[in-house]
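Below, each structure is written out as structure tokens.
Two complexes come next, and they have one chain in common, chain A, joined by chain B in the first and chain C in the second.
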Partner chain A sequence: MSKTVLGISAFYHDSAAAIVRDGEIVAAAQEERFTRRKHDPRFPKNAINYCLEEAFIEPSELDTIVFYDHPLLTWDRVLKSCISIGERSKEQFTKACASVLGIKIWVQDLVRESLGSLGKLDKLLVTEHHMAHAASAFYPSPFESAAILTLDGVGEWATTTVGMGEGREIQLLQEIDYPHSLGLFYSAFTYYCGFKVNSGEYKLMGLAPYGEPTYYDLIRKNLIDVKTDGSYRLNTEYFGYLHSLRMTNERFETLFGGPPRNSESRITLREINLAASVQKVTEEVVVLLVRHARKKTGCDKLVMAGGVALNCVANGKICRENIFDDIWIQPAAGDAGGALGAALLVSHNYFGIPRCVRDDGRDSQKGSYLGPRFQPQEISAFLERNSYPYERVISLENRTRIIAQAIAEGKIVGFFSGRMEFGPRALGARSILGDPRRKETQSVMNLKIKHRESFRPFAPSVLLEDCSEYFELDSESPYMLIVAPVREERRLPTDLRQALRNGVDILNVVNEPRSDLPAVTHVDYSARIQTVNPYDHPDYYRVIRAFKDISGYGVVVNTSFNVRGEPIVCSPSDAYRCFMRTEMDLLVLEDCLVWKRMQPESHHDSTWQTEFELD
Partner chain B sequence: MGNERIEDFFKHELLPVSRKVKEIRKAYFANDFDETAPSYFVNRMKISMNKDDFENGAVSGPNNFEKQLESLWMSQSQYELITLKASLADLAKSLIVTEELDEDVSPFIYVMF
Partner chain C sequence: MTRQILEYHPVIGYRFIPNLKARIPHEGGGYLIQTNSSGFRCCHEFKTDPTPFMKRVLLFGDSYTAGDGVSNGQRYGDKIEALANAEVYNFGLPGTAPDQHYLAFMEYASKIRADLTIITVLVENIRRIAARYRPYQNEQGNTVLFSKPYFTLINGSLELHGVPVGREPIKEADLPEQSREFVDTGGRFASLRKIMNRVGLKDLTQRALHYQPLPEYDDPQNSYWLLMRAILEKFIAAVPKPVVVMPLPLYQHVEGTADPSGYQSRFSELADSNPCLVHDPLPSLLKYSPTERRSFRFAQDIHPTPAGHVAIAASLAPVVMDLLGMKKVT
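Moving on to the complex of A and B:
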């Protein structure tokens, strides 16, 4: 008997929906892509509607609906935390009451009201937060059995879990509970260094290679105690999140010599070295936890999820340590992936649907291309309706050659092709592409496309079979979740760290070439790699292949199709708007090519600066 | 109105329990390091989810909420919290809101901490 399950995540950050039918992922999408509000935490009505459409199903026909978090246990944690803190927790309690008691507790009623049905079971199921993360990591993985490690800010109580999966069974064996959290620990430094919590962690990670871990000992001595098995505890006297809406407190500020950095102010050596220090501590803890997971479970494969699993520098370190034979990380490792995990867990665990691991050794995540797609006819109708000039190139070979040629000439290309990605990374379905060989690509993409100054290089998409020519990486990295070094023979000598020590501004050294792939090589000669195979997104693979035929390089620059503060584009309309707000040269909307030089001047638009809150 | 009820609950219900918990030196979680502990891992009592776990998590109405809180705290032997169940259910009932989809920043973003 066929079983279709809708999974929902909401009310923390990055709400999302996913539909799973008989254990197969049918669709998954984040609400932010539809509402155009980054990290939208609200009830994902639009994402649910999309998933239902993709599955050709009405809410009443669903076998069940599952929420990814246990609201009662979340409230238990909030209440006990405030009772423990006492008088000082008033602000925290007031906020939490309004959100948890005001709505999250009543999620079943909200779903019923919003969808008009709770499915055939007529009851909302719930999972534990970390069970949903674990399920999102294990079930789509290519492994029959695996150790499971989940790490995030906080679920109900758990912040870190170690477990294992085998067949359709998942067991979580051990956990570390709130307020001790590696995710919140990292977020505290994100906040202190002037970046946004829940989105700026990536920036902190990108800043780390510029610095020296000069605060390492101070952090280890005062803030976090780590045991040999990787389990850890924080000294909560230094953190603000227990009793306020701030991540750090005065004691933290005293320890690190002053107040937090203002978000748009100059990044100083203090922030740079703090980033290096907290990254080093985090990597150490994660590697110890991974070693423990191996010992505890006896498994030779590892799967990971939770927001901390998006720390691709730490992931690269895990790979190089060779603790496990193979590793798979859920690309939507944050809370959005909880919707998918919850739906998979109910499918296999509640309904008992057998889990089928693919014979070819590949995963079941479908390249994470799980969102909406738009047919060429829809796109051309959209362009015609708005009188936007374009040319339709139906021949795939011709189209691919034109796109590759444009990239090789230094043009910046918006590439909109196939189903939208699920998860925070653009993987070639909603991407902006450029030439990685050119020294100016990074600054052009930053200033004229993304409208930002950035110390972070862009990511390379490299043909899977060519990866080892450019990077010291032995495994696949289809979801851009692993950082690995650029090969030594490709590197150029630099002394950027010395320049920083001498007081040179970080932005003055960021665009100095560091290899023959300057746009994708970080200051420590690392790169955040996406390997591209011919199966998951053949059209994207062909573009890179064609670029190689022209340039000799099987690599392109890939950054997400958005401007600063904007969610990644979802529809052709979003893409055209973003294209016109930037200095991209070519927009590829499936088989329609839209050249900037052909567009009417009146459509050029700079209102984005007031539309999106800067991240 | 909602904030007044929250403040009232905080002052007259939560803080007395907080004082009591401190008097009996009960802690729901540790705040600092334990040099003597070999590990900070907690071995989970429940390592997988069964059908009841999936089915019994959702809350349906304030009465049900009160019963579920009592059941949870009884199972944890945290009897000092049970006195809060009725007033918490009342508070929750008074706070039920329709999510405002047009707000620039959702208040629910703060739940994480």
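Moving on to the complex of A and C:
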């Protein structure tokens, strides 16, 4: 009998919902995309609405609903850690009580109230947080069996787990518990360097290549004790998160020479070198854990999830170390992916649905294009209703050629095509595209499109079959989760480190070309790669192919379709608004082409400046 | 994010976007809508030839018939379909009145062979037929107006205006003073109603004043009624017979806070001189307890709940089965 399961994650960070039918992923989406509030942690009623729409069923037709986290275990952790720390933790205790007691144990009531039904089982199931992460990593992977590594900030108690999946079974074999957490360790430095915890980690990782790990010894000696099997303990005397709402404390500040950087102030060599140092320590721990997972499980494949698995520099390192034959990482590795993991876990474990690994070696994540799609007729109805000028180009071939030509002419193209991505990266369904060959693409995209200055280059989307022509990567990276070097012969000599030592601002350094793909090459000649195959998103693949026909390069620049601080666009209306807020030249909404030069002046919009805050 | 579900139509004004599957968030928990390739919220593709061994019913109406607030299968039209073992072609279109329903018939149904036609008239739509513009909130958050087709009745003859319907929105400020009374604002006393809703005195006030929400029905010579009647007569004459006209009461009528006698008299006069049967569901709805009757609409939204649709279907089904020559379920 067919079984349909709704998974929900909420109340920490980045709420989401997913629907799985007979083990097949039908839909998954993050709440932020609908509410337009980045990392929205509230109950994901809009994401649930979308999932029910995609599955086209009533809530009462769901076999069950599952929450990705065990509220009572989380409560247990909060209580015990507060007791052990005593009076100092009052502030955090109050906050945690509000979030845990106030909401979580009422999740069942909330779901019933919001949907009018708890499905056929008439009760809410819960999974353990890291089981949900593990399930999200293993079940969609292309492997019959695999070692599982999950790494995040914190769930209930666990922060790191090593496990194993085989067929439809998952076992967690070992765990490291709060307050020892590689995720929180990284977040502490994110906070200290003046970026936002839970979203600025990406910036810290992007900063690392500029620096040298001069603080490495200090960190290893004082903050983290790492064993040869990768298990670690943090010296909690240095971290603020146990007893306050801050990530670091005075001891931490004394150790690194002063208070945290103010988010508005200039990035100094201290932050740059701290980023390099913490990145080095993190990579070291992750590599040790991966080696341990290999030994412990005897598996030759690895799957990963949890927020730390979004550290694509560390992932690239794992790949190059060749510890496992193959690696698969859940693209929605953070807590949003917990909704999907929980739904998959219940499908396979509770309902006993057999797990079918595809025989063509591909995964079951469907390119992570699991969100809403808008039919061409919906889009033209939207454009007509608002009297926005557009041209409809129904011929796929002509349309593709027009888009590729625009990119090759240096135009910036908003590309809205097919189902929206699940997970933090835009993968060609809600992307902004540009020409990677041009020196100015980087600064144009940053200043005129994203409205920010950035020290991070953009990501390349490269035709899978051409990847090794540009990059030293011999595996697929469809979810932009692996960083690999640009090929040696494409690199240009630079002396950036010296420039930095001489006090040159990194924002000046970043725009210097470092290869014949300047817009996507980082200062250490690395690139955050998305390989594009012809199967998952054929229309996107065709655009890059057509660009190659014109330019000779099978690569385009791909950045997420949003302005800074805004969630990635979801609907045609979000896309049009973002388009008019930026200096994009062309907006592709399925088969409708919207040219900036044809739009009425009155629709130009600068309200983004007040609407979204910095990461 | 809510999906846009309607699109421009040059004759009717608008229709549903064809081949749409959407779920609309709603206080009732949300509902699924599915449209066919002709742009109607109907699970059948419209065919002109009869389906063997199947009776066919054409159903016209506004949001109550299209089913705002409930999923396709929960609407009274779909309930009738199940009860009478017939296929119901649902032409319901939110925000419209019999003028646009007639135009929808002419555009999409005039060649369809059917065994019965049901024309549902939400009694409040006596005002909507006089409207020439509908307000719409655009992307910039401003209210703009879109034209709708409309009829006038001059010296006893009906004349259609505003076709093809203008595509461009009209700014409220650009509308000439004399045209402002033709904007569909959803009832003449909208602003007063809003105030009363806010202070929570609505029911009380209605009872105390023996509220008559639709005085247009009080006089058989009222110009609004004459226009409504002329449109309905033209409509009835055009559609496949037999024809049932069903005046749908407002919730105030159902819950006993308003007097229905005005519209009941007018619709029975209509039945007396036209080849149609008027089915008034109000008497059967009034048989339910006050609590049940309150459950026929949502807490905020006045559209029928699934229970409301079941009650309407229960009232209408015997009539439909009788006219289709089927045995009544006892």
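Here is the rule we use: the second predicted complex is superposed on the first by the 615 of 615 C-alpha atoms of A that agree within 3 Å, B and C clash if a C-alpha of one lies under 4 Å from a C-alpha of the other, contacts with A are read in each partner's own complex, and residues count from 1 in each chain.
In the analysis below, a contact is a pair of C-beta atoms (placed from the backbone, for glycine too) under 8 Å apart; a residue touches a chain by one contact, two chains touch by 3 or more.
Predicted, not measured: the structure shown is a model, and the values here were computed from it.
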For A:Asn46, decide between first (touching chain B), second (touching chain C), both and neither.
-> second
Should A:Gln377 be classified as contacting the first partner (chain B), the second (chain C), both, or neither?
-> second
Looking at the overlay, what does A:Glu58 touch: chain B (first), chain C (second), both, or neither?
-> second
Go through the superposed model and pick first if A:Gly116 touches only chain B, second if only chain C, both, or neither.
-> second
Return first, second, both or neither, reflecting whether A:Gly167 touches chain B, chain C, both chains, or no partner chain.
-> neither
Touching A:Pro389, do we find chain B (first), chain C (second), both, or neither?
-> neither
Would you sort A:Ser571 into first (chain B), second (chain C), both or neither based on which partner it touches?
-> second
After superposition on the shared chain, which partner residues are touched by A:Val107: those of chain B (first), chain C (second), both, or neither?
-> first
Partner touching more residues of chain A, whether chain B or chain C = B
Hey, what residues of chain A end up touching chain B and chain C alike?
-> 45
Using the touch rule from the top, collect the residues of chain B that touch chain A in their complex.
-> 2-3, 6-7, 9-10, 14-15, 17-19, 21-22, 27-35, 37-44, 47-49, 51, 53-55, 57-60, 65, 68-69, 72, 81, 84, 88, 91-92, 95-97, 99, 101, 106-113
As the complex stands, chain A meets chain B at residues 10-13, 39-43, 45, 66-67, 70-74, 76, 78-87, 90, 92-110, 123-128, 131, 153-154, 161-163, 169-180, 184, 198, 225, 227, 229, 231-233, 235-237, 241-242, 245, 247, 345-346, 349-350
Listed in rising order, chain C residues that touch chain A in their complex are 1, 3-4, 6-8, 17-23, 25, 28-30, 32, 34, 71, 136, 138-140, 167-169
In the complex formed with chain C, which residues of chain A make contact?
-> 33-34, 45-46, 49-50, 52-53, 56-59, 114-117, 372, 374-375, 377-378, 380-382, 384-387, 570-571, 573-574, 576-577, 603
